[in-house]
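Below, subunit A partners subunit B and then partners subunit C, in two separate complexes.
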Partner chain A sequence: MSERVAVRKTYKLFIGGKFPRSESGRSYLVQSANVSLASRKDARDAVVAARAAVKGWAGATAYNRGQILYRVAEMLEGRREQFVALGVPADEVDAAIDRWVWYAGWSDKLPQVYGGANPVAGPYFNLSAPEPTGVVAVVAPEQPALLGLVSVIAPAIVTGNTVVVAASPAQPLAAVTLAEVLATSDLPGGVVNILTGKITETAPALAGHMDVNAIDLTGVTDPSLATELEVKAAENLKRVLRPAPADHDWSADPGITRMTALLETKTVWHPKGT
Partner chain B sequence: MFEYAPAPESRAIVDIRSSYGLFIDGEFVDGEHLNKSVNPATEEVLAEVTWAGSEDVDRAVRAARKAYEKVWGPMPGRDRAKYLFRIARLIQERSRELAVLESLDNGKPIKESRDVDLPLVAAHFFYYAGWADKLPHAGFGPDPQPLGVAAQVIPWNFPLLMLAWKIAPALAAGNTVVLKPAETTPLTALLFAEICQQADLPAGVVNIVTGAGDTGRALVEHPGVDKVAFTGSTEVGRAIARSVAGTRKKLTLELGGKAANIVFDDAPIDQAVEGIVNGIFFNQGHVCCAGSRLLVQESVAEQVLESLKRRMALLRVGDPLDKNTDIGAINSADQLARIRELSDAGSAEGAERWSPPCELPERGFWFAPTIFTGVTQAHRVAREEIFGPVLSVLTFRTPAEAVEKANNTPYGLSAGIWTDKGSRILWMADRLRAGVVWANTFNKFDPTSPFGGYKESGYGREGGRHGLEGYLNV
Partner chain C sequence: MTATATSARSDLSGLGRSETALRTFLHGLPGVDQVGAEQRAAQLGTRSIKTTAKAQAIDLAIRMVDLTTLEGADTPGKVRALAAKALRPDPADPSCPHVGAVCVYPAMVPHVAEVLAGSGVHLASVATAFPSGQAPLEVKLADTRAAVAAGADEIDMVINRGAFLSGRFKEVYDEIVATKEACGDAHLKVILETGELATYDNVRRASWLAMLAGGDFIKTSTGKVPVAATLPVTLVMLEAVRDFRDATGRQVGVKPAGGIKTTKDAIKYLVMVNETVGADWLDPDWFRFGASSLLNDLLMQRTKLTTGVYSGPDYFTLD
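The block that comes next holds the complex of A and B.
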């Protein structure tokens, strides 16, 4: 009896709910695997997929979005060992699962906490409510590979945004594996799109893309790149989350600012009368 | 049209100085470069105003920093509140004086400066005064902190109201400010500086540096400011967003708009027409949230246009200080040139132009209320912000088409909906990508109500609890 030959996994991009290779046909060797090296064209394709998903995802009920995020937690729980095998510490996997659960509960609460009736000085109904800004480009933190990634994706999508994420170039396997979790969690295709490869290649394409509404620079460590991306983002006045400080504590209570930074407030007026 | 005898508001109530310095560290200081501020209705010179250079700006920022560190920052919220309440009361007491000066310097009808701008200015200070000692309850955590020195640059369309929108929340949150009014409308800000003195507001908490684009640039690019707030054109907003890139300055922008005002076939036509007129001709159309694109359902288009034209023929254009005036002067020669250029483009591109018979004064900057029909979405008058009394009329058949057309713009500041059907209002309101949606009303403002845009109309909100966020470290 010879020992069974293992079936190895091909690590690919995650765009529109599918797992394509880079259109460029390139890969790079990292964490002992050949990982897709996304091109600017892949970034643009991911934006198209993310834009197409906005209507359905933003239009879904908050209850529905909350259940789907909770489902992500369930699926991740079931794959704990897989992440541990990739080198993610077990307590980090646990924290990542818990973070999905935490954010899942926010979907139908944030509009109450962050919006509300305004007592205007006149006979008018006046209500402010948050809405998703649309397509958000995210540069994920280099580490922690899983908790950092979850901590930037979940707050963006729980309110109805869709995202294109540039994963950590040095530790992309957790990101691709998380994509497999997302693909089996009833999350509609295109809500989360994940690009692996060089930040210097994908992030400028996303920052300058005119159909992206916001950019989260959390994972950008090079200050001059961050400035360059922010300048590009100004072209269509993207909402910008600036890089996180290097000593950011990812295990701390995240608060609500990651969610609110990617929201628009809409205020509706109507006269009262008989 | 009824003939009314002229009913001019007296300008004797305002004492305009022949020249003004900059308001820095609690005092008026003379600068080197004087420029004239004119009355756009007559081209008469009202006063000479200093245009601040970068050294003046630097002095103002340092004064604001000192006041932030020594006085305003450490001051308990309840005391900051009292100063703001004082300012609100002083504005109420001197409201006619301020209204007349606003109409003189800006060209807007006294009816609007007196009945809209000034009441809102006072209300804004009164509203934010109350927040100063309640910040832990504002939903930004138990102990939100101010940012420091705020650089604020405001436009010429609502000079004093925009000042209130900027200064009141900044001070309530515990920041100090350096504010630059627009170069064509600096006078009410300088009178506001006198009010700060009258209120015994500590020196350096509010600094006013007058000037044009260079002064504004020096201010927002000053390394000593922690916060930049700008209201104005999208083009300048973009430049500011670029200039703060790579800094830790917090930025809020309230920029241009090209709002759709959507009229359905079941709307009460007369009310809708009043809303259309208010939407585009209020303040000569110098309103970022103006309803400058009328989307009218095809089946009632003819009827709505007929009523609209009849109503427009009754608008009185003329002396801003006349209490009967509906439409005042265009704020500047430059703005008039811009309105003319875009209107000419409307005609050249094939839209049909109409204005009521309307006699315009010979001196000053004037533009008759104008509508364009037969406008397509490709026309410049449907795409670009005109910022004048010019309405582009388009039609639609279904609610879905109305949404498509309304959202077909890089802007997203406001929108209007006119229909008798409640469910349709809410359906539309959900789908319109705009920060403020007025249903069966238009151009309503209130200090408690957040205002600000989606997309290229900028980011951040002014007004309400939301308006504090831009001035706190959250």
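The block that comes next holds the complex of A and C.
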């Protein structure tokens, strides 16, 4: 019998729960693998998919979202070796799995911590409840490849947002492999969309897009690009998360600020009886 | 590929007089090559239209839109708002053209007429017991006269599919003739409801029947059955109007309706019109889109071209 020929993998985009090639047909080489090079149009398609997913995802119960995020951790656990083979250190994979679990737990607790009853001088109940802001564009950090990516995606989606992630150009393999995990985790299509390619190409399209509600610039390292993106984002008053400092410690306790930065507060007044 | 290359012009005028003559003529039309039509339509859909050509196509498509609302829940306020949108689809940009027409139920015509008076936007009304057409002829004609009297200058009628499918072509023909007469000066669009006609051959026959009976436009669908306008069906109808003009010298318009929701779809139709019947039909007088959500997508794409950033549905009206 002849020797078996290995099946080589093409790393494609992740849009609306599917793995399409770039609309432009372009690709680039990373670690001798072909990776799709996303265009502006792919970014637009991803926003359309993310917008379509908002209603179902934000409308799901917090309990259900928590279960699904926990399921992601389970699936990630099963693919541990695959990430290690891509060069992600084993303890980083473990930390990434733990982070999914940690954020999964927050899904039904955050509204209690961050919302609640407000004391008012009158015969009313006054209640504030956090709600997802909508479609969030995320520029993922280059390092750590997996933990950094998880640390920007999980806090955005746990509260009911949907995301379009521009993966780091140098680290697309971990991002696409994470997409494969997400695709098999009961996460509805379109909740997470991942674009690989140049940040300078996709991020400006996302920052200027009028149907994107917030942009997380964590992975932007060039200060002038960050400024440009922030200026574009101002056009429709997107919420903006500024780039992370170069010495940011991703393994530390992340706190809840990444979740609360991507929420809107709804306050209702309700008359009291008697 | 002219369907009636052999017919002389004088031959067609007398066809409506007898059931036999109509049947002989309609069944004598060459059959449609189903695979060929679908492949041709798919192929024309692959053209890439960009930048200035796209901008032109979008403006043309906006001018061709029959902005439609045909719901049981339509109110005078809602149709007035729609009519206002027809006049100025993009209030932020005065260079945006107005749409071709507003299309409503007869009861809503007076409310729309107030808004559209003197604007150049046509006022279309469905009639003849839309969408099923299952009513006595007198009722259908009264429906039509009422709509015209209320101010509609275009009437969208439905053909009697029950009669057509059971082969009673003369009955269908006579109803169209009678409706045309009831329209007076108003333009008559004949809805074939291709989703219920089952075959492309039937679509071709119904197209010819509608044109022979005097229809000014042939329209694919009511939008009320699951299968609405498709590219291959529209291709068959475009070929029919082209052949009809060759045979009789009279030009008839085409209106695909239902299911056309994106700019990309609309541009595919425009490409097909240009490639099948030529630039003579690339005008709101001869080609229309029956649509409601299409307009917002056209406006979003138009905004993208003028401002350079992708727009979102939050910035356009909900209809």
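The rule we apply is simple: the second predicted complex is superposed on the first by the 270 of 274 C-alpha atoms of A that agree within 3 Å, B and C clash if a C-alpha of one lies under 4 Å from a C-alpha of the other, contacts with A are read in each partner's own complex, and residues count from 1 in each chain.
Convention: a contact is a pair of C-beta atoms (placed from the backbone, for glycine too) under 8 Å apart; a residue touches a chain by one contact, two chains touch by 3 or more.
Nothing here was measured: the structure is a model prediction, and the numbers come from that model.
**Q** Just to be sure I read the superposition right, which of the two partners does A:44 touch: subunit B = first, subunit C = second, or both, or neither?
**A** second
**Q** Does subunit B (first) or subunit C (second) touch A:82, or do both, or does neither?
**A** neither
**Q** Could you tell me if A:67 is touching subunit B, subunit C, both of them or neither one (first, second, both, neither)?
**A** In the superposition, A:67 touches no partner, neither subunit B nor subunit C.
**Q** Just checking: does A:211 make contact with subunit B only, subunit C only, both, or neither of them? Give me first, second, both or neither.
**A** second
**Q** Given the superposition on chain A, which partner contacts more residues in subunit A: subunit B or subunit C?
**A** B
**Q** In the superposed arrangement, does A:235 touch subunit B (first), subunit C (second), both or neither?
**A** Both partners, subunit B and subunit C.
**Q** On the A-aligned overlay, A:257 touches which partner chain: subunit B = first, subunit C = second, or both, or neither?
**A** Only subunit B is touched by A:257; subunit C is not.
**Q** Touch check for A:184: first (subunit B), second (subunit C), both, or neither?
**A** A:184: touches no partner chain.
**Q** Which of the two partners, first being subunit B and second being subunit C, lies in contact with A:24: first, second, both, or neither?
**A** neither
**Q** For subunit A, give the residues common to its interface with subunit B and its interface with subunit C.
**A** The overlap between the subunit B and subunit C interfaces on subunit A comprises residues 235.
**Q** Provide the residue numbers of subunit C that touch subunit A in the complex, in ascending order.
**A** Contacts found on subunit C: 308-315.
**Q** Given the complex with subunit B, which residues does subunit A contribute to the contact?
**A** 113-114, 118-122, 124, 126, 128, 133, 213, 223-224, 226-227, 230-231, 233-237, 239, 242, 255, 257, 260, 264-271
**Q** Going by the contact rule at the top, pick out the subunit B residues touching subunit A in the complex.
**A** The touching residues are 123, 139, 141, 234, 237-238, 241-242, 245-246, 248, 253, 255, 410, 425, 429, 434-441, 444, 446, 448-452, 454-456, 458-459, 461, 464, 466, 469, 474.
**Q** Going by the contact rule set out above, which residues of subunit A touch subunit C in the complex?
**A** Going through subunit A, the ones touching subunit C are 44, 47, 51, 205, 208-212, 232, 235.
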